[in-house]
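To keep things simple, chains are lettered A, B, C, D, E and F as they appear, and every chain counts its residues starting from 1.
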Amino acid sequence: MSTQLPIQEKEPSSTTLVAALSIAGFLSGIIIIAVYLATFDTIAENKARELREAVFRVLPGVSQMQKLRFDGEELVVAPAEQKDDEDTIYGGYDDKGNFVGYAIASAGPGFQDTIRVLYGYQPAERKVVGMWILESRETPGLGDKIYKDAVFVANFDDLAIDPQIVTMKKGTKSAPNEIDAITGATISSKAVVRIINEGHAVWDKRLPRPGAEPRLAIVQPESEK
Amino acid sequence: MFPISLINKSFDHGVHPKHHKDQTADLSIQRVPFVSRYVMPLGQHIGAPAKPVVEVGQRVRRGELIAEAGGFISTALHSPVTGTVSDIGPHRYIDGNFKPAIEIEADPYATQQLPPKPSIDWQALSTEQFIEQVQQAGIVGMGGAAFPSHVKYSIPEGQQIENLLVNGAECEPYLTNDHRLMVERAETVIHGTEIVRQKLGAKHATIGVEMNKPDAIDILKQHIGERPIDIMALPVKYPQGAEKMLIKAVYDKEVPAGALPRDIGVAVNNVGTVVAIADYFDSGMPLIERIVTVSGPGVTEPANLIVPLGTPIREVLRFCGGLKESTREVIMGGPMMGMPIADLDAPILKGSSGILAFTEQETGRPQEYPCIRCGRCLEACPYFLNPSRLAKLGKARLFEEMRDDYNLMDCVECGACTFACPSSIPIVQHIRAAKDDLRQQKARSES
Amino acid sequence: MASSKHTAYEEMIKGLWRDNPVFVQVLGMCPMLAVTNSAINAIAMGLATFFVLVGSSFLVSSLKQWIPKQVRISVYIVIIATFVTVVDYVLLAMVPAIHKELGAFIPLIVANCLILGRQEAFASKNTVKFAIMDAIGMAAGFLLAMFALGSVREILGEGKLFGISLFGDNFEPWVIMILPPGGFITLGLLLLLFNWMTERKQAFVAQVAEAERSKAS
Amino acid sequence: MKRKDPHLLLQSAPLLRQGMTTPAAMRDVWIALLPATLAGLWFFGLAALLVLLASIAGAVLTEWAFTPKEERAITLRDNSAALTGLLLGLTLPPALPLWMAFIGGAVAIGIGKLIWGGLGSNIFNPALVGRAFLLATFPIAMTTWTVQSGPVEFFTVHASNLATPFMQAPVIDTLSAATPLGQMKFEQTATPLMDLLIGNTSGSLGETSALLLLLGGIYLFLRRDLDWRIPVGIFATAAAFSAILYAVDAEKYPSALFTLFSGGMLLGALFMATDPVTSPVTPKGAWIFAIGVGFLVVLIRVFGGFPEGMMYAILLMNAATPLIDRWTQPRVFGRSQGKGSAK
Amino acid sequence: MSEFLTAPAIMTGLGLFFGIILAVAYKLLKVEEDPRLAHTEELLPGTNCGACGEPGCLPFAQKLVVGEVQVSACTVASEDDVDEIADYLGVDAGEAEKRVARLRCAGGKAEAFQIAEYDGFESCRAAAVISGGGKGCSWGCLGLADCEVVCDFDAIYMNSNGLPVVDIDKCTACGDCVEACPKDLFELLPLSQKLYVQCNTPLAGESVTVLCSVGCDGCAKCAADAAPGLIEMKNELPLIHYESGLPVTPKATSRCPTDAIQWLEGGQFVEEESPSENRYAQLH
Amino acid sequence: MNDLVWIFISALLVNNFVLAYFLGLCPFLGVSGKLETSFRLGLATTFVLIITALCSWFLNTYVLTHAPYLRLISFIVVIASTVQFIEMAIKKLSPALFQSLGIFLPLITTNCAILGLAIFATNRGYGLGEGLIFALGAGAGFTLAMVLMAGMREEAEIGNVPALVRGTAFNLIISGILSMAFMGFAGLFSST
């Protein structure tokens, strides 16, 4: 390659450099956008399905949903394509379109790393009616029981939220606002509960009084269900 | 552990070897008879070698000058016997190498009398004359380093010796030569001390003696009289005799690293040294003989001897009934700092305080284990170095790092660390090797 | 010119063992450790890397004359990043589950030193043919290592391989294998094994040579 | 060859030795651990003995297998491998399957010691490397504590002990009991001090009896085998830290005494943090090391995920030991400070 | 389909933006460097992976240029690259004439005897400080292999006779052994200087031969046999004046009573002509 | 537990970039041989991480809202170019600083930690403040791991590690033990 050296040695003009970079940028831009568009629908589809599954899981009896956003003073219906942020939650509705409950995402530190929880909340009875772990790096075999252990998850199917949810040592659960911790994973268990409690603390104020929930904007076509 | 100094005044750290002195402590000093052949190495002191002033075949008288100082840090040599110079050339030195030396065949018929010399009136001498005399007398430190005493006495402008410290610690196990000297020639010790004290203009002199020599302490005390000298009994701890440790123990002062005792107004002399000085000024006898302790399980009859310099070690041992069969190692000096001897024909030197013979028992080297970083060596090192680290680096031949980061050059090779090491790692040897390597690199870069 | 001394085939196989990117060159350690907690993830990641490496080697080697050296790194990066983005979206669309598992480490392929390294060290200096061969070899070597580590970790960590249980249900899983320390230690031990085998090999070769010489003289 | 004298030896001075040897130091630790070990057996019965033997076997066999033949004699006779095994065993739950204990011993020596070049070269405390490995590998088995069988049913061996290698241990919820620390952390209930001192609580089979451990520690101190600074420093720091917390909220946080006498504190501070090989050699370093351990223990116990932090605290400070050592050279005689290779 | 345009637009924008910045920077902030450095960095893979242990390719190049590291430390560069860089830096294409380390001693276990038995750390340096290591000839090789240890190119091995043998092919004349030897026995000499004195003792006659059977006893026969003026006796040792340009022949070795002076075809102490015991018998 | 503090602690100890996330391993394994170098590398990395946090925040808020699919490529290009520019600048303005820190920059830009930070920060929707804290914690964590590792490796260098083990295998295994020790921080401040 020493033979090539002289070629490389000679000073290229700045314009060459700029040109090279911009052309490279341009081409890659095109490629990327192409791929992006090509895969866009499938990806969106996947995302939506995932979300729907999660919401339906934490809100039993729900068959339709819509994105709701807290705009500062009240909860309003938000366009589905809008990006999610910490002010976004989901409203769940039965097939007649009457309101069932909210699916609220909340996050906080777990044993290893941040845990993201989605829980279903029925404002009427002030109950948690379901819990689903969206994301966690808890230890396999221990912490991951918070989503693998059906018994633990079942704790949240009918759980009073007032005054607040309490973690009890396994088998000692008595009151309606208590759950059984997982032995060997007390910390993850407590973390989940804490995360839900914190989520509730934030949203309790923001939610409209029961009965005044936003109506279902567009009734989705059967096929979507 | 807790610094001993809390309990009684001394330096910190250090170790407590069994002192094994009883073998010879009570044996009074004898003379070894003259033998047929003597070897006087020209460089048996620190500094430049002496320059011969005789040639082969020349007849010399006992006490006659045979080599003059080869520079300021150097000193004279005198013939230990009456006889003829038979050779001037390389001879085996105690460190195993060949070094230039003057060989003298003793004259079997000569009465080995010193030529009568008038005793010098030392009071009359100026300090300069005194120093000159000391150099002509070939007197060097008898404490082991054989450092020319006159150099020590020439105090540069602006410095002043407040205290003279005479080193009677004799902390090396087995050795009792200083001990016997103090007991048998107490008067001379005091006298010599006084000479040096006056000539150095020191206000006060202290003779430091370890407590395991009560008799010496008593006798010395009796001879002090009016002179501004006192005897200080020191706790028994090794290396009490190392001058900087001694100074710490006696005056509770630290001589800064790299500095000399005189920099804090102290001069340290071994008791042997002051006696040699006294003898020279009283009887005119230059330094041609010294007191040597011959001891250890390997010698048939341990003894304290006056040995003419240059006497082959073999002859000294023969006088003591020779070596036992079981002997495996012969050491010049003490067991802690001494140098093992390869060739028994090597001669007694100005700095040879003892000859020890050891048997299997003492020399069976314990199994060496890896350093377990127990820290005993750090607890032992009177200079607060990190021997464990030094040894590890030495093994890895990282000599510069030893010097630059771990104060290699401050180590006086006292051996306390190695004594204490449960893994019996030859720490001091690694340290010596490192110093030797650096020394050689320096020499090479200079040449 | 590197290729002058080797055949294209040699260029390819050297990546598998002699110049193995992981065991010998110690490159691309991050994905190597991060996503090898199961064999399937390891392979997915390996393949993704394979695609990106071969693709960009091809482009770089064919465009090398037109890339000025002052901005070559930037250009390489753009090329690589493009391929990675493509992979990212394709995986997301086709196999969302695996994509979730690999998480952030797909985009991180961009930073995998191995890929940039090959562009700089080889593709930019060799003909397209050799570049591709080399890329295939290297990528294969990487894939191999990924798979080795991934399977060991999955087998011990869950008693499974490709999700198929090997030792029955009440096998005691070695949780550490799935945790970070397990990754480090296992790869370390694998490397140890690799060194040991290489050493054996050399020793053997040496012996043979020795025998030869003694016969000769 | 012609020679005049018997062949004289040339050995480097000093020829005198203090007489203490490394194997002796290790033996001292064995002696010091004996009372606590016996107590462990008394409390937890035959099961405990088996676990100990398993981990010692794991350690010694590994040492034997991976050291060259010529060195075996030496390395095995210095008692350190077996000691590692013993110390590991003492930190294990009594109901641990034996095969796990064995693996623990093997890992302790293999990864904790031999990889580094054998005795004296390792930076992490081998026994604790072994334990950390076990804890991370078999978290459930390693956190299943049994109530004490006591002398009555001395010969009971738990089903879990005898689990077939690589297979799960049968769950033994029946006789499982939270450790004092577990209760503290997850139920905020403190165990009475007396029980902690005597040791009739659940926990690792060697850690429970505070008094006997102290006894052993004192013995080691008198034999100059351990650096008193380390345990003292650890106790002082841990006590101070938890005293402060206790003052803040006595409900939530353990008292200083509880901190000192619960869990692995004593075993760790007296026998493991003091492992000479893995702790600083310099006096100042020892203090820093000790303070670090003391602080981390309380931090992990109180704010961390694990009920017990001793092991991790020591391992973490082990990792820092090389740095501590080089930054804390003693002040050299006649110098303003010891150089050391700063920065 | 605005999107289809945004992407290329943004990318081109970025490209342009940084292209310009870098181009400008390249012009304004250019720093003159040692061209060797620039070119060496050029030759290196530029992966900046740190696998060589240096913080990136540039630092590695810097160390290479000053010769502190070996090219082979870079795991990424292919063998060919390595060779190329080595050639470029002329690492081993050093002097015109190849030099090797020569040992100024031939007194192995068989020829030179010990007067005492060294018992301690296996290192020449360590032994040398304990009464010279107990070898009769205090100038001679101690045979404890410090040189072997320090040679980075393992060009030295200790033969059965306890003498270090230099593999002249591997030796790069780096001089490490010269530094390590406590007895200063190694010197770096051109391979072409075949006439060589394998002894370093300033003693003469009997006092040499009692210590070592292959020591030079200073008899000066070699000086007599060589071209006049080529060999001068200095400190009882022959000093060969190669610089004098006089003819150098094996003849000088013909009458040497102890084989101290040798005609070296290649390396020293090659097995067949290792000095034998019986010569020693003849002398005593 | 205050979020910012948690982000910092998590990045520094609990989820240390090197020991728990496997980011930036190439420099971690390669360059951790010398204490001095490791420390400086750590500092330089922290610096670049902060730059990264800024860049990625800027891109996310002003550019990528229109074209999310350009995230990766724009990150890498922008970060790489910015750092390259800074490198040139330092080299010109302060050769000393270049020798001590600048020289590491190329090595750092091409490693995962940087890009990883950008991507994680975006995935978690960190704002500028959080992003910077995250970068700071990650950098500190990286430096800590580097320095500890270097200390141990220098020690082992002069020790007697078996020849067969020496090198990467050894480094990996001790990293493993170190990461095992760091597991002790798991659950820190999240259990209470």
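Everything that follows uses one rule, which is that a contact is a pair of C-beta atoms (placed from the backbone, for glycine too) under 8 Å apart; a residue touches a chain by one contact, two chains touch by 3 or more.
Just so it is clear, the structure is predicted and the values come from calculations on it, not from any experiment.
Visitor: How many links in the shortest chain of touching chains run from subunit C to subunit F?
Guide: 1
Visitor: Go through the assembly and pull out the chains touching subunit E as well as subunit F.
Guide: A, B, C, D
Visitor: With chain centres set to the mean of the C-alpha atoms, which chain is at the far end from subunit E?
Guide: A
Visitor: Can you check which chain pair, A-F or B-F, has more C-beta pairs in contact?
Guide: Per the contact counts, A-F leads.
Visitor: Go ahead and note the Å separation of the Cα centroids belonging to subunit B and subunit C.
Guide: Using C-alpha averages as centres, the distance is 69 Å.
Visitor: How big is the gap, in whole Å, between where the Cα atoms of subunit C centre and where those of subunit E centre?
Guide: 39
Visitor: Residues of subunit F that touch two or more other chains: which are they?
Guide: Those would be 20, 26, 29-30, 67, 69-70, 73, 77, 81, 84, 110, 159-160, 165, 170, 173, 176-177, 180, 183, 186-187, 189-191.
Visitor: Touching at least two other chains at once: which residues of subunit A meet that condition?
Guide: In subunit A, residues 1, 8, 17, 20-21, 24-25, 28-29, 32-33, 36, 111, 139, 141-142, 187 touch at least two other chains, as defined above.
Visitor: Two-or-more-chain contact residues of subunit C, please, as numbers and ranges.
Guide: Within subunit C, the residues that touch at least two other chains are 1-2, 26-27, 70-71, 73-74, 78, 81-82, 85, 89, 113, 116, 175-176, 179, 181-182, 185.
Visitor: For each chain, which other chains does it touch, given as pairs?
Guide: Contact pairs between chains: A-C, A-D, A-E, A-F, B-D, B-E, B-F, C-D, C-E, C-F, D-E, D-F, E-F.
Visitor: Quick one: in the complex, what on subunit E touches subunit F?
Guide: Listed in rising order, the residues are 3, 6-7, 10-11, 14-15, 18, 21-22, 25-26, 28-31, 47-59.
Visitor: Help me check something: in the complex, which residues belonging to subunit A touch subunit F?
Guide: Touching subunit F from subunit A are residues 25, 28-29, 32-33, 36, 85-86, 108-114, 187, 190-191.
Visitor: With touch defined as at the start, can you tell me which subunit E residues reach subunit D in the complex?
Guide: Per the touch definition, subunit E meets subunit D at residues 113-121, 126-127, 129-131, 133-134, 210, 284.
Visitor: For the complex, give me every residue of subunit F touching subunit C.
Guide: For subunit F paired with subunit C, touching residues are 19-26, 29-30, 69, 71-73, 76-77, 80-81, 84, 110-112, 114-116, 119-120, 123, 164-165, 167-173, 175-177, 179-180, 183.
Visitor: Of all residues in subunit D, which touch subunit C in the complex?
Guide: 111, 133, 136-139, 141, 163, 166-169
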